[in-house]
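Per-chain residue numbering starts at 1, and chain names A, B and C are given in the order in which the chains are listed.
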């Protein structure tokens, strides 16, 4: 949705090419450079052999002279990376699934069923989002421990929904709002029970919202750190973000190549996901913020 | 059946199953729908919140249940220089990073709001810092801030010859603080920019055209049209940004772990350090709980001071 | 039999009363139109007949059965919404067949019923399209088709033509009326447009402020409005109303003498004199009026003029050559004079 047409408009006579260049393209270029550079740096470091990494005198550090897959190989075969990846994927999908089911039902109840006090329930869920994990992690650790879930990915699958549900519910309420209430009234007259309305009318129409919420939840799960750090101690059960930070540093020597390879590979799943679903990300961001 | 029979068919009266009847009863349906969400939130959020507040008044240790000690933890913390420093730095970090993020984010949003080629691609690329897991981009920054191999130092010293010594990004307190703030701003710009961009796109171009005809300069157009109309979204984005920056953990933990000499500890990282490696859970809980008043104040302030303007009260939407 | 009986129905939202006791009866097969300005309660009443709103007090009976506590799907009604309410993720065929698929009807039944409805409305070519691919008029027909498939006792229409442009509205008006003549199903139709009411209804119910002002056949309401509100609401341009006093068998508006039919009005009474624009005649012996505006529409000439300080409109068959500021002489057609009490607004 753009206000200006997608075809290049005529340059207004008081606007000049150079003015545009200086005021628009140069700053924009700088922003893009600054925002993207760390990734570039991360990526080429991952493919540089150790000797080249630490030596800026011989070769231009901005380029790879003898690219190598050593760091990647080390990461994939000498560490538990595949295991970490599987664990993190499992946690992300599991938590997302739970959060989506809970959120869809809650959003439907709050927005469509219009019961007394629905506003308060909505507000309560919204407020839950404002309680950051860094406040909760200590007592939550106790709770996890008392459930016997300490050091198990299940702990994460159950605790991640605490920050996923509020956001997803919020998002889905917005989507449900865009479905005209008359559709459900019409279905009521046509003879549908509430459950049939949910299954055949409301849910199919909310699919874009579900996708957006799901993608967001997946990303947020992948990005979570403090619970994963606090609740899981065995090195093979860790999630990717935690593992890369804690498992790849041996003694005082930082193996930058491996670290960067880990950072790169750790970001890949989310980046791949992202590239397929960019529109959904942007729309869920803007949708969430607008309401 | 033949055509006339088909036309005359009426639906049989079927008694719905007890499940369908139960779900048609509104109260039951509402309860069932809300149960999973509220259940999970109660067990894993509300209860721990209360438990955390309780724990801050005890001397619980890791693996050892504690006894009630009243305000002892808080009394101790008030005399602890490390804690006080953490409080101060958390506020400073939040303020500085927020100003940076919003100034630059707004600028970027204004740039993106103009007509540029490949806008969708650029928008997609710009979101990358926000999409990647914070820890992993933090590691990249850790590498960029390395005292010996920093690429920034290399460029400034060896290429441009602007300095003679490599930067010591994270070796001493103040540079470390600014380095962290810079990393936080880097990570936060995309979210702010894209959100504000959405807000900017709701402002009709005809408002700007009318103002131009009325004789307004660029700056005046920004101040009198863009800024006020952007306030609602700004309030929401600001509230979240302040909240999550204040409660930040990943970035500082990944790059400095709170060092050097505890100078870059945020309240969250200090709580972690005291509580888990340090095994003093009660104390850790106390630090975490101490964050709550600040968060409440900051949230209320940014939401109400910026969010509610008279001319925005219009139709109610819920 | 599918008559609808509304007795003493009231509706309150919290402490605000929307309907203050409404009595309407619609005979089997009749086309009844509820008409009135926005906020008069007509849509609320329709939704109460449908079962989408609760009835605060009173009774609604469909086909002799009281339906106050009966769920919408049990009332054997179908409704056409103002915004069509077509399910966007279903094709036209699926939209029309929705109620049948809920009842798990056999495929042959679905084909027969949907086919019949599509045939009546000319939708056969559109059955596999999605609502977003249809024009406004087509969507309207699909909404009606969905109602026809239900084969209900009563059709309810909630301002179905408001979203269409003027030309399409005229066309659809005819189609709906035609449909009614074919199917002869009891129909209750809500609109704020009095022209729709006049052209389509067997019986019009004029409502205002939650009350029924008058019920009757269109021409009855036109020729004999029961009060000032109905007189001003029905008919376009609206009826001229002049405040005056009855003296010596005539109505005096200021100094101007307007004739009254014999026996109408009591001496000294304060009245409102009503005369429709088309019932003024150009008459040299009539009263003088100062022309303000002349608007020829081709088939007639509408003249806005000032008579005794009151703005009036006349619609004349002949071409009027007078210009603004000039004086014309007009006289009312005595057979079409209406007199209303100034206090109560009721017809005398």
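The definition used in the following text is that a residue touches a chain if its C-beta (ideal position, glycine included) is under 8 Å from a C-beta of that chain, and two chains touch if they have at least 3 such contacts.
Every value quoted in this text rests on a predicted model; they were computed, and no experiment measured them.
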item	value
Mutual neighbours - chains that touch subunit A and subunit B alike	C
B-C against A-C, pair bridged by the larger set of C-beta contacts	A-C
Length of the line joining the C-alpha centres of subunit A and subunit B, rounded to whole Å	13
Interchain centroid distance [CA atoms averaged], subunit A/subunit C, Å	56
Junction residues of subunit A - those touching two or more other chains	191
Two or more partner chains touched - positions in subunit C	99, 103
Contacts with two or more other chains, residues of subunit B listed in rising order	11
Residues of subunit B that touch subunit C when the two form their complex	1, 3, 6-7, 9-12, 14
Subunit C-facing residues of subunit A, complex	180, 182-183, 185-192, 196, 201, 204-205
Residues on subunit A engaged by subunit B in the complex (per definition of touch)	1-4, 8-9, 24-25, 27-28, 31-32, 34-36, 38-39, 41-42, 45, 53-54, 56, 61, 98, 101-103, 105-106, 108-110, 113, 115, 119, 121, 125, 128, 130-143, 158-159, 161-162, 165-166, 169, 191, 193-195, 219, 222-223, 225-226, 229-230, 240-242, 244-245, 254, 256, 259-260, 262-264, 266-267, 270-271, 274-275, 278, 281-282, 285-286, 289-290
Subunit A partner contacts - residues on subunit B that touch it in the complex	11, 16, 20, 23-24, 26-27, 29-30, 32-38, 40-41, 43-49, 51-52, 55, 104, 107-108, 111-112, 114-117, 119-120, 122-129, 131-137, 139-141, 143-144, 146, 148-149, 151, 154, 158, 186, 189-191, 194-195, 197-199, 201-202, 204-205, 233, 236-237, 243-244, 246-250, 253-254, 267-268, 271-272, 275-276, 281, 284-285, 288-289, 291-292, 295, 299, 318
Interfacial residue positions of subunit C with respect to subunit B in the complex	99-100, 103, 105-106, 108-109, 111-113, 116, 151
